[in-house]
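By letter and in written order, the chains are A, B and C; residue numbering begins at 1 in each of them.
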Amino acid sequence: MVTGEDIWMDFSAVRENCPLIHNITNYVVMNTTANALLAIGASPVMAHAEEEVADMVSIAKALVINIGTLSGHWVKSMVKAAERAREMNIPIVVDPVGAGATPFRTQVALELIEEFSPAIIRGNPSEIISLGMERGKTKGVDSTEPSHRALEAAARLVEKTGAVVCVSGEIDYIIGSRGKTAVKNGHPLMTRVTGLGCTATALCGAFAAVTPDFERAAIGAMAVMGIAGEMAAIKAQGPGSMQMHFLDCLYQMTEQDIVMRVKIESL
Amino acid sequence: MVTGEDIWMDFSAVRENCPLIHNITNYVVMNTTANALLAIGASPVMAHAEEEVADMVSIAKALVINIGTLSGHWVKSMVKAAERAREMNIPIVVDPVGAGATPFRTQVALELIEEFSPAIIRGNPSEIISLGMERGKTKGVDSTEPSHRALEAAARLVEKTGAVVCVSGEIDYIIGSRGKTAVKNGHPLMTRVTGLGCTATALCGAFAAVTPDFERAAIGAMAVMGIAGEMAAIKAQGPGSMQMHFLDCLYQMTEQDIVMRVKIESL
Amino acid sequence: MVTGEDIWMDFSAVRENCPLIHNITNYVVMNTTANALLAIGASPVMAHAEEEVADMVSIAKALVINIGTLSGHWVKSMVKAAERAREMNIPIVVDPVGAGATPFRTQVALELIEEFSPAIIRGNPSEIISLGMERGKTKGVDSTEPSHRALEAAARLVEKTGAVVCVSGEIDYIIGSRGKTAVKNGHPLMTRVTGLGCTATALCGAFAAVTPDFERAAIGAMAVMGIAGEMAAIKAQGPGSMQMHFLDCLYQMTEQDIVMRVKIESL
């Protein structure tokens, strides 16, 4: 089982190696996910032009694709970037934001994950159900389902794509070759800050950049998210200060914080 | 006249029903308006692709269109989204950011409001003058006129479009079938935080999603904005902490805060 | 030599005249650079549509072009805006974000600076080296070179373009007709907040809008950035609170703060 010490080792590797993480992500979270990557010690770059995505992927250590504010042009760039990432053999992490909410999103997400064998797919329960069960209707980009309801869909998605699948919610589930792992860190106030799911996906990219064990990477990223959320919530007065303290907590996080707080269970 | 108790009732309805608010808005404020909608209990979604806007509107309870960082492609999507919103009979709220600053913006704003009969139009004085008087030159996206100077233009705009028109400034004016209402909440530091006008528009969308009385919705949204601004300014040291406390205050707002602080006058 | 009093005079002119600064910038920093411009008293506008950029430039006092999240359409708008700025004889400030990271960015940056004689070019060492030496490979958008290594490239760039060139880093260098000036303000935590380089560029635009001496403008903007960073770092617990305090410090900055803290050296 992945331990707090393992997670700390990977976190330290991010801080030491400062991997360049190429993000093709949505407009809402570009600033906050770049800040979260900087806070853990990674080096973010956001680039989406067809003219340059392949070149940018060539110098990156991981590619994070997030379909949160999709459009036709961007899909072409996502595909180009993913093709190069496959050639370079660097991990691809996919966040299918809003899959299930519109056919366009569901279809783009399915194409990306079926074509490019991502290392990690991270979504909320509604999104994972819509991709794994090829049904499921979400209300928008926030999930209306508890995370355990998506476990069957997640397992199918693992089988179909070979990816590690992470379903986030009150409990985060990571499904891969180790079986199912639950990460029980986090705080309800995190759901009132836009883009913390997208931030989790970006952190999955940073952790996947420093370890070939993508299941361990996803578990570590989700634990670090949840721990920073718990620590930030102690000081926060609401979602505004939550976002601020969250970044500060990511930046200040110590081995002690992780080892003492982490709650991981094999299922 | 709309009372603090009415506003609290609508605010509570937002928290309880968590309406999905579809925003086609500008890049500058996507993050902060999504956070403000989450802070009051609504569920924001940002989507602009022609391929999906109609589908997204179909599951939303209100559509907010903000032309702050306009381009040709986005205008097409705004029109598609508005067409579906009209079919679905959900309220459309329009923020004509920068109308008057360039002919392109003025024209797009006029086309949207003339074609789609929005529930609410919210702008600063320069913007409302440029739309209501079909003249008026603004300096940029910040207004150089006091809000009462836009009252005549606002009245014409109400007549022409049937919308409730909200002119925001030191005093906010809401013009509709009740006549003119002044909301005298707010704080000068709010003008130093980018996108609080756009946030007001997004909140108009959330309130319009829970009451068919759009005048009451606009009054409520502007009062909640102003009260959160007043409360945040007490703690703020400048515009950075103002934005943070503002979100916290939206999140924590109680009936007491609204009833004790609200300053509404019929004119 | 530029003194603290000179900088305060220009800062006061920004606060008094509230110049409209037209930004064509990247998605990551639109919100934070708009907020920084508001905090120092300028009036930001973000507009990129080909249909309107020339009109918007016509009412602006400076044009800031930042290639951080480039695409083909945006390049066309940058060129149109720069053409109008040249006609209007208002200063153009260019931030070649990520030049050297991809051929597309390097080429676009070179075309802009060679064609439009910007008043100021501000970049990190890797970017300036890639433009001045027409070689140099950067890791991404964060620089891997100390700023003094870019001095030769900066000098060439000054010669080639006539621009004032600002290389930012632990020490900021401003190269122009005065020779080389070093600004030694700032704090390491600034490198963990995304977009503070872009913010520096936006501030160069605001200062260039109020003085025809662009070297003085760049020195002033960099000093104000560094001083706000130092003051913010005293209160900050990490990058989240750093961003917040930074905006507050810009807003609150007094003549005393500048005169007492500024560290400028002629080289």
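By definition in this document, a residue touches a chain if its C-beta (ideal position, glycine included) is under 8 Å from a C-beta of that chain, and two chains touch if they have at least 3 such contacts.
Computed from a predicted model, the values in this text were never measured in an experiment.
Participant: Have a look at where subunit A meets subunit C and say same if over half of the interface residue numbers show up on both copies, different if under half do.
Facilitator: different
Participant: Fitting on CA atoms only, what is the rotation between the copies subunit A and subunit B? Please report it in degrees, nearest 5.
Facilitator: Value: 120 degrees, nearest 5.
Participant: Find the geometric centre of each of subunit A and subunit C from their Cα atoms only, then give the gap between the two centres in Å, rounded to an integer.
Facilitator: That gives a centre separation of 32 Å.
Participant: Where does subunit A touch two or more other chains at once, residue-wise?
Facilitator: Only 27, 31, 243-244 qualify.
Participant: Note which residues of subunit A are touching subunit C in the complex, please.
Facilitator: Of all residues in subunit A, those touching subunit C are 20, 27, 30-31, 34-35, 38-39, 43-52, 55-56, 59-60, 73, 243-252.
Participant: If you look only at subunit A, which of its residues touch subunit B in the complex?
Facilitator: Going by the criterion above, the answer is residues 26-29, 31-32, 68-72, 98, 101-105, 139-142, 191-195, 236-241, 243-244.
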